[in-house]
Amino acid sequence: MVNDTTRPALHIGEAVPGCKKIDPIIIADNVTRKFGGMTAVDVPHIEVPRNAITALIGPNGAGKTTLFNLLTGFDVPNTGEWSFNGETISGKSAYKVAQRGQVRTFQLTKSLALLSVLDNMKLGATNQRGEGLLHALLPWTWKAQEAEVEAKAVELLARFKLDTKKDDYAASLSGGQRKLLEMARALMSDPTLVMLDEPMAGVNPALTQSLLGHIVDLKAQGMTVLFVEHDMHMVQTIADWVIVMAEGKIVAEGEPSVVMQDQAVVDAYLGSNKDRDLGELVAEIKREVAAGADPALAGDDLSLEKE
Amino acid sequence: MSSDFTFIWVAVGALFDPITIAYALAALGLALHFGFTGLLNFGQAGFMTIGGYAFAIGAVKLNVGFFPSLLMAIAGAVLFALLLGIPTLRLRADYLSIVTIGAAEIVRLSVRTPEARPLTGGSDGLNGTGASFFALNPIPDTFSINLGPIHYTNDMVWVRLVGWITVIVAALIIWLLVRSPWGRVIKGIREDEDAVRALGKNAFSYKMQVLIIGGVLAGIGVIFAIMPSSLQPDNYGTQTTFFIWAIMLLGGAATIFGPIVGSMIFWATIAITEGFVSLGVKTGVLPITPVQSGQIRYMLVGLALMLLVIFRPQGIFGKKAEARFNG
Amino acid sequence: MITRSAPRVLVLVLMFLAACAAFLTIAPPAAHAADTTAITVIVIDESSKRVPDVAIAVTADGFTEQTITTDEKGAATISLPAGSTYTFTADVDSLPAGAPGFVDNPKIVDVQGIPTTVRFDVGEPQAAQASESAGASETASEPATVTPGDDGSTGATDMGTQITQKVLSGLVFGLILALASIGVSLIYGTTGLNNFAHGEMVTFGGFVAFTATSSFAVGSWAGLVIALILGAVLGWLQDLGIWKPLRRKGVGLIPIMIVSIGLSLLLRYVFAFVWSPGRYTMDQDFSPLISIFGVGLTYWNVMGSVVSIVLIVAVAYVLNYTQIGKATRAVADNKPLAAASGINVDRVIRVVWIGSGALAAIAGVLIAYYQTISFQSGASILLLIFAATTLGGLGTTYGALIGSLLLSLIIELSTFFIPTSLKYVVAMLIMILILLVRPQGLLGKKQRVG
């Protein structure tokens, strides 16, 4: 299933930057965001396919996080309109966007340090009666729902192997565990679209494996995933579709195996970022692409997925 | 000789004084603001001023009776919170501190200006605001309590009784709030507002609710302080706000009993130190003048604020692990 | 984590306080120990000019009536036994012909061992009600030193002169304010701290100059230099004893800000303790030195502005052309980057504290000459400083200058439209408005959010 060569087509026509999708969940037009004289994002058209895993890649400073911020209402664009699930959400505040089922995580993890892991999770649940001021004063009106929320939280925590930590302060978690917690917390709301900003950054390889499994799992549950990632290996492994940004623009789009060979992608990485490490990274990607997918890894992921 | 130590009784009395009640409620409100939600409100004295004047104007200028005046105080505090909050709660946290401290000064300078004298009494303030409250006193005149040399009349007992019941009710409400899912959201906002917004919570609305509730507590609390004495605008300058901060940090910012007990300890400690100092002055042990002894309490509060934040940020009742300030 | 190096900090704080107290107690003011209290009476006419030769009768229960007469500076002093309430009655007939009388006469003053100034304003008499108590009232006294030059006319001055007068007052005070604001701005820029104790550094300078000139009979310029040096020392000690250890421990900005609030209260009342909570007038010449469009400026109005401008130019020079200045700007711009590129951030911050302390102290001296000096002088302009730095842009040095001048001009000119007692309200409103519509201030860069 991962890297399945027989997966259905996601796009209409040629796979060019800004191409149409068969079933888009996000359609954005003419999105620009300037910081002073610098244009951080300049996207004439972008569509994100539904029920697929889309990777947003690009060198540092390409504008990926800024685009995330704009789409989720955390930043205000200079121009642009977009819709989510057919409903225009540009200009809506962040919490309203989230309430519509489009939740995100942050590049710099935002675990709520002095709340317990369980409370972090519970905060993710939507439509909680006890979150209203008047109901809050009448515990019997929310106790039952609270129990349901807690059960769900514990279940999710177990899936993310955090259940033993549930009564600890989130502050006591490791960096990687916080990434897990933030993702699990986002899932408490049963979102339609999950947007993950570098979910793997700083996570050790062992955890990466299980995180990958979780992300693939989300798709299996009918969700759509849009994630930012620098680890090409991971992109290669789980993404159904890749969008490449450089200097604020979308420079390439397409299926992972195709995009990785695209000269524009290589240029995007090398052009604006000449340090050796990245060059090596790209070379490595090319080598991997040439060698085809790693069957051992694919097997690993499948086993995780079955859990 | 024994009469020199009457200040011990004064200190015991201070544990339950109306001023202690007022500061306990204001500090409890501030704990909700800062300790639980992370709002840097430096205008708590402004809420006291608004509440105090709304009540006093109702009670002595409009003569509407106790409960309507109380409602005016609450409405005033709510209005002030809305005025402050709607524009500023979207701003960065440290901006809120400057706006609130500035707004509190605006309020104080406005009520004490000679032009407002017909309504507010200018810099002299307003007197006799408690008449309608004491008229409700069911305790007979013949009743009184002696605490050492201090004589409590029925009215003095009445204001303390109602005041402390108010404190207990307020504490209960805040306690219910902070351990509910609502409380979870505001604590989440304290830790990271963006994370909470990303989870679909209207952080602005929660902060507004918090600002209103905490402000109303200050607005109600001040009534107990002014009814038995008078309302003086200069009692509600920025240092009043700093006293409230000291009290809240003393007890524990993210606790409910902390601010209340903090207020009791604070005022009793001040009474005791001032007692000892004036004893020292009278007996010549301390080579300072009576005027100088009046400055000592402020120096102590300042020192206490510094030392508390540095050495015991969780206060007396806070948990060590929660001692981290967000900022 | 917070308590690890706590004892060291405590020791340093205590050492600092002891050093402060030691300095303060070697310089007790003259009027301190006596059982009698010096009360200064000043008479000021409608155009803020001092009025000489006014007779004032002083009465009290069990006190033989005394009459004092104001000198050529419009001031008279009397020593009164403390602990009673005195009535000061100014003699309307001793006013120059045509004067309408006194706004508030007689005045009842509760004398409590605190040197106090009793002020009579010439004007239409009001219903007698306001009694000036010897306790400290918080608002700063009105500057009485920028005066119309055309002598004799006690009636209303024409509009042009009034505007000139307010503009000049605004500039003179704005420059003083800028000295303090630049320090606040530099400290904020390099450390992120909103220093609530900055007002006390201002007060400190004022008291140092006052004590030097009155108790030690030092010349006024020497007093200024002493204040500058001791102000710098105070800034240095603060950084050494409090701020640096707190930074070292990684204490957050909000707790550090609360520490500065505590320090502000502590220092303010240490000043009140040592110098008593009275207002003191600096010994100076109130006669006009120069006249601009018919508005006279006193010696210290002129010199204050000159000193301010020289210091501001010096700061600009240092920031732009010296090694340490460039380093300071680098630290303000991006601390980690500056540190990574080999700049000694701690040293920069120390220099900033020293410089800010010196500038604040000079501001205090100039305020003492411009108005009076009391333990609240600095505290009462703290919010003005915040407003000015907010207006100009927190953390930007030129913003602090522009903000101070603009703010000062606006509040002076606002008194054409609103009661003088509300002019600080205007400043606060401006501050709040700026935060709402342009939080980065006039000259500030937009902050990276999130």
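Residue numbering begins at 1 within each chain, and the chains themselves are lettered A, B and C in the order written.
Please note the rule applied: a contact is a pair of C-beta atoms (placed from the backbone, for glycine too) under 8 Å apart; a residue touches a chain by one contact, two chains touch by 3 or more.
Please read all numbers here as calculations on a predicted model, not as lab measurements.
Separation of chain B from chain C in touch steps, taking the shortest path, is 1. Overall, the chain located most centrally, as judged by its C-alpha mean against the mean of all protein C-alpha atoms, is B. No other two chains have as many C-beta pairs in contact as B-C.
Computed from the mean C-alpha positions, the centre of chain B lies at a distance of 29 Å from the centre of chain C.
Taking each chain's centre as the mean of its C-alpha atoms, chain A lies 55 Å from chain C. Distance between chain centres (mean CA atoms), chain A to chain B: 46 Å. Residue positions of chain A touching 2 or more other chains, listed in rising order: 74. Multi-chain contact residues of chain C (touching two or more other chains): 449-450.
In chain B, the residues touching two or more other chains are 194, 324, 326.
Those residues of chain C lying in contact with chain B across their complex are 2-3, 6, 9-10, 13, 112-114, 129-130, 137-139, 194, 242, 246, 251-255, 257-259, 261-270, 272-273, 276-277, 379, 383, 386-387, 390, 419, 421-422, 424-425, 428-429, 431-432, 435-436, 439, 447, 449-450.
Chain A makes touch with chain B in their complex at residues 72, 74, 93-96, 98-99, 103-106, 110-115, 119-120, 122-124, 126, 128-133, 135-137, 139, 142, 146, 169, 171, 182, 185-186, 188-189.
On the side of chain B, the complex with chain C involves touching residues 40, 87-88, 91-95, 97-99, 101-103, 105-106, 109-110, 112-115, 122-124, 194, 234, 237-239, 242, 245-246, 249, 288-292, 295-296, 298-299, 301-307, 309-311, 313, 323-327. The touching residues of chain B, when paired with chain A in their complex, are 173, 176-177, 180-185, 187-188, 190-192, 194-203, 209, 321-322, 324, 326.
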